[in-house]
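Each of the next two complexes has chain A plus one more chain, namely chain B in the first and chain C in the second.
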Partner chain A sequence: MLRYVLRRILMTIPTILIASAIVFLMLRFIPGDPAVLMAGEDPNPEVILALRRQWGLEEPLPVQYFVFLRNVVQGNLGISIRSGLPVLYEISLRLPHTMILSLVAMVLSTALGILVGIVSSTRPYSLVDNASMFFALIGVSAPAFWTGLMLMWLFAVKLGWLPAVGVGTPAHLVLPSVALTGFTTPVLARQTRSSMLEVLRQDFIRTARSKGLSERAIVYGHAVRNALIPVITVAGISFGRLLGGSIVTETVFAYPGIGKMLIDGIFARDYPMIQGAVLVYALIFTFLNLFVDMTYAYVDPRIHYE
Partner chain B sequence: MTTTQKKSNLKYVGLGVAILIVLISAYYLSIPPPTPPKPTTTTPTTTRPPAAPTSLTISMGMEPPTLDPQKCTGMPNLGIIRLITETLTDADYKTGELIPHLAERWESTPDATTWTLYLKQGVKFHDGTPFNATAVKFTYERMMDPKVGGAVGGAYAMIQSVDIKDTYTVVIKTDPHPPFMRLWWYGPSAIVSPTQVKKLGDAEFTKVMAGTGPYKLVEHVRGSHIKLVANSDYWGGKPKIDTIIVKPITEAGARLMALEAGEVDFVYAVPPADIPRLEANPNIQMIYGIPTRAMHAPLNTQWGPLKEKKVRQALNYAVDKVTMNERLFKGRAQIMDAPINDRSFGYYKVGPYLYDPAKAKQLLAEAGYANGFEVNLRYGKGRWLMGDEVVEALQSYLAAVGVKVKIEGLEWAAYRAKEMLPFEKTDAQISFGGLGGVTLDADRSLNELTKAAWPPKGLEGMFYENAKFEELFFKARATADSEARKAYYKEAMQIVWEDAPRIFLYFEPQIYAARKTVQGVGVRHDETIWVKGATVQPKGASAASLFQLMPLLSKYLEY
Partner chain C sequence: MTWGVETMSQQKLIYLKFRRNRLAVLGAILLVFFVFCAIFADYLAPYDPFQSDLMNNLAPPSSEHILGTDELGRDLLSRVIHGARISLHLGVISVGTAFVFGVFVGAVAGYYGGLIDQIVMRAVDIVLSFPTMLLAIMIVAVLGPGLTNAMIAVGVSLIPEYARLTRSTFLYLRELDFVQAARMVGASDPRVIFRHILPNSIAPLIVQSTLNIATAILSAAALGFLGLGAQPPLPEWGAMLSKGRVYLMVAPHVTLYPGLAIVLSVLSLNMIGDGLRDALDPRMT
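Here is the complex of A and B:
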């Protein structure tokens, strides 16, 4: 198992290299020049050229990429064009916020989604089932943007129970994470439900019933474990979508995470910032995939890695 | 499942929960506690208990990427920067007239090349070092140094040298440029402490900042907020509001909700559609600034049908600006009756182009376009208040006179990239955008119409060329005689208005909203706020604040 994990970690290196190369190239080919944007309402061509030289943007592309890679290897993600501060410093200020938000949202949505899925599957086509699936449909269809604003309006403005924007206390986490769970919970609920329905039809469940085991023991002791594998896959993908969705949610709630930093950087064409943020996201995804794969081994003892 | 298996499963779950709790606690422990406001240093003259600390929370749509004035180009920065650093002169927030500030008085030679400024004495920077001519020289040179990364240097290109005559006298030599003194008020020239900049370097300096302003920087938590505390040694007297917190909230809906929920006291850039709802809210007051940003549609005067003056005039007659103003801006915008706003030096009323679609059609027919023509309108999305709506309105008004407009809405950076293409490469036809008029002087506003301002040196794809206009413009720039300048500008503007290189539309309204507990905050025409006489009533407890660990504010007030 250990060898497998090490091998997977080594494989992240080419993945991240390719991802960063793609982003690097894309940034330089799309229209928009950071120096022009910085120049505001006084676009003096000499100043713009001087700025581009200062940021190393006048060098040939391969040289720029090489410089970027060399810096990354030394742990230097460059200096942000907009703020003049090191990108790594900016990321380190914001990453914890995003991670906490995503973690809380993921735990919430996993727990809730799986629970709802199990309950629905044990009472197929009942009122509970239909109601859950209906709300699941709404959750998936409503844009995170809208959900966030609606939650804010109800709980922060009308009722005044929770803070509307920003960070600082556990209360600030509630609305953004609920908004985020909006689309992952339904997905997990549906997947759990269909997995469970399939498992519950199997012969060994009938055997367990005929042995006289309680319904509860059968469902939670036997069925769930077997139904979990596709759910874990979906959960892994959902976490990815959650990290992406956090960009919108962070903007709506003025939550100072890495998603908002990425959006601001994109609009300002802050190349070092965008490259740094994408690198961090790529790392998170790769380790997330590894974690998901390891969870399979825990859940299903038949799966071995070497 | 056997009992041992169940127990080991529970162990894992328990372990997982424990790890989660540890992580979350570590996270919250790592957030530094809020810094308490500094105690007042003045002894109370009454026996009343000390006043409760007052704090004003401001929110705008864009986060200031840096607080360093010499690196700033945009409005969001400038609004805050004036609280920390100050410029040599100030401007009255209602009229825009220059007022002595860090410079007490000034003189200039009649040829407008030598400017002498006499500085205020006894002013200190936040780091304790004195404000003097050395600091002014240092700051101005830093501003014009391209290596500092200040793209604003270009606006001050007429400066030849900055010299120290004595400790509190500065002499600036420029190319002949009578409107030069307007630039003393422009935000990026705010004076910074040379000692701090040299000691810390540019990157660290922006985290600490040392200016002469009424507020000191406490912390700038990037992405979250900026915290300022009142400078008790401020030369203008300690400000009444103890703390100012700046919270950028990009999403307009969220920003207004934060205001309604009481988390924010003052917001910028209120969408006009929300005005009725906010006016109906008993806790909220609307504050309107002076519209100075000119919004118009530059026309490429060297392309196709737009080469004809009559066509351009027709487009101006085709748009019903009054209705647009009523519907889109609730009447708060100011219709353009000259290329520059009416508070600028040199303004002369030459318009407006009244709505007359019949006349528009007639002019088009006279120019040979009785059947209209097709044209492309490009603009940057998300940048201007009601920008999308205005562009759609333009499309429908022009369609009514036979001109079919295809709208091309680009993301701002992509739009800038296309707009800045030089004449040989450009494909600009009609654009839509705005031009600030912050210096309140015709020189800067009309500059865009000169040949020297063709892209890539300027922002608007008009490629306008009128020899008479150029002659008048540069004559006006070359003389220090105010009356002569006004006469030149008057004639110049009449020419431009008739030539119609743009569809002249409106000046963008400045709409702000604040809670009624805030009194006396003014807004200047450059979108900076004036807190000199402002006061805030301390807040009472709310349900939301019960969650927070700050002590409840006391009910004692002192004005």
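Here is the complex of A and C:
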């Protein structure tokens, strides 16, 4: 197990390197001088010269990439054009917000999705099953930004129960996280249902039934654990989509996270900020995938750790 | 002598299975409706979708304007109808592009295997570990906002999925007897790939494409909403939502209807995709 974990951690290194290379090349693909782009709207020749030196822009591309990596490892992500503050500092202000929102949405959608999936699978083709699967289909079809706006209209504008935008109290988290779960919950519910149906047909379940175990013990003791393995894979993929969706949801709810920072950065042509935000997302995704693989190995004893 | 059931062709069987699925049929009807709107938008729309009427802006739904008017007094129904044209066009073009490139890459990787396969699949895995949305936003950040760039961004972000799917079916099919036989009689590699393997791997690709058009419409609408996709005054559903949300307090209908159009069109494609998957899966009876 330990060797597998170590190997899997080592495998993140090429992923991170390639992701950072993509981020690095992004700025070079944009027509124009990267130093002028990084200096902002009103470039001072001295600032541009300093930036050229600092990022090694006179050197060949591979050397530039090396300098970029060195700067990033040292925590130097450049200075935001818009605020004049270091990008790393700007990230440190926003990352906790994004993490909290995503974690709440992930926990909420996992719990709800698996529960609905289990309930549906134990009563296949019943009214409960058909209704939840129909809602699940609508859930995957509705864009999170629209669901978010409709929730905002109902609960903030009409009913006045919850704050519409911003952060500060736990109440501020309710609408954005519910909007974010709108996609992940249905995906998990559908996957749980279909893999539960598959497991419930198998021989060991029949054996459990013939032993006279209660339905509850069969479903929760025997079936769920076996049905969850494919659900974890799907969860990993849909958490990725959830984080992608958080970029849009943060914008809808004026929620000061990394996603809003990315979008604001694009509009302000604040390239150091864009670079920083994308880099943070790349790191989050890499670790998310690592975490999913670890969980997978933990839950499924059939995975060999060679 | 043969019985009817046995002589039934594969296509007929698939069609019958699809038709038995009520949700899939409902999806197909909905999609036909949207395609109809897209093609005949110029005749169906009661007003010019660009004609503003500032005296009559943010008007609630009435007999004159069935869905009301937007912030510039433009007829919302006309704009939603014309939006169908933009969204469907965008979905088909971006998925078509992704299909061509992704299938080609996946076919080469799956057919030749070895080092090419290793390199291509490693790259695909890394790109797939980023969600489509972030990838699309990154591409638009480089190319600049706009409808065409949004289409490119969505298309490119869907390529890895096709590559992976095509590769896995090619890996399986290339070992089968009919492929070996074709090779044995001296068919060239492109001939084996395009004439023998590809036609047999088309079913999962069609299912995936239906679902991908749904994803593409959602992604493009999100880009439009963020202001990175279609630009005003184009009646793109996402962009309409982004303008309308400012007036959420006074005129929620401006946000409601374009969003409903997105949900219904994406829903129709998802229902068809699910139905096709069940119909094309030989394990389902």
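Worth a mention:
The criterion applied here is as follows: the second predicted complex is superposed on the first by the 264 of 306 C-alpha atoms of A that agree within 3 Å, B and C clash if a C-alpha of one lies under 4 Å from a C-alpha of the other, contacts with A are read in each partner's own complex, and residues count from 1 in each chain.
The definition used in the following text is that contacts are C-beta pairs under 8 Å (C-beta built on N, C-alpha and C of every residue); 3 or more make two chains touch, one makes a residue touch a chain.
Everything numeric in this text was worked out from a predicted model, so none of it was measured.
With both structures placed on the common chain, the touch criterion links A:96 to chain B but leaves chain C unconnected. In the superposition on chain A, A:45 makes contact with chain B only, not with chain C. Residue contacts after overlaying the shared chain place A:170 against chain B, while chain C stays out of touching range. By the touch criterion defined above, A:294 lies against neither chain B nor chain C after alignment on the C-alpha atoms of chain A.
Applying the stated contact rule after C-alpha superposition, one finds that A:152 touches each of chain B and chain C. In the superposition on chain A, contact is made by A:251 with both chain B and chain C.
Judged by the touch definition given at the top, the superposed model places A:267 against both chain B and chain C. Touching more residues of chain A than its counterpart among chain B and chain C is B.
By the touch criterion stated above, A:115 is placed in contact with neither chain B nor chain C.
Contacts of A:205 after superposition: neither chain B nor chain C is touched. For the contact definition in use here, the residues of chain A common to its chain B contact set and its chain C contact set are 30, 149, 152-153, 157, 251-252, 267. Listing the residues of chain A that touch chain B in their complex gives 30-33, 35-48, 50-51, 54, 79, 82-86, 90, 93-94, 96, 100, 103-104, 107, 148-149, 152-153, 156-157, 159-171, 217, 221-222, 251-254, 256-257, 260-261, 264, 267-269. Interface residues of chain B facing chain A in the complex, by the touch rule stated above, are 1, 20, 23-24, 27-28, 30-31, 34, 63, 65-66, 68, 71, 73-74, 146-147, 149, 151-155, 157, 202-203, 206-207, 221-225, 247-251, 253-254, 257-258, 260-264, 410-414, 416-418, 420, 435-436, 455-459, 542-544, 547-549.
Residues 14-15, 18-19, 22, 26, 29-30, 134, 137-138, 140-146, 149-150, 152-153, 157, 240-241, 243-245, 247-248, 251-252, 262-263, 266-267, 274, 278, 281-282, 285-286, 289 of chain A touch chain C in their complex.
Those residues of chain C that touch chain A in the complex are listed here as 23, 122-123, 126, 129-134, 137-138, 140-142, 214, 218, 221-222, 225-228, 238, 241, 245, 248-249, 252, 255-256, 259, 262-264, 266-267, 270-271, 274.
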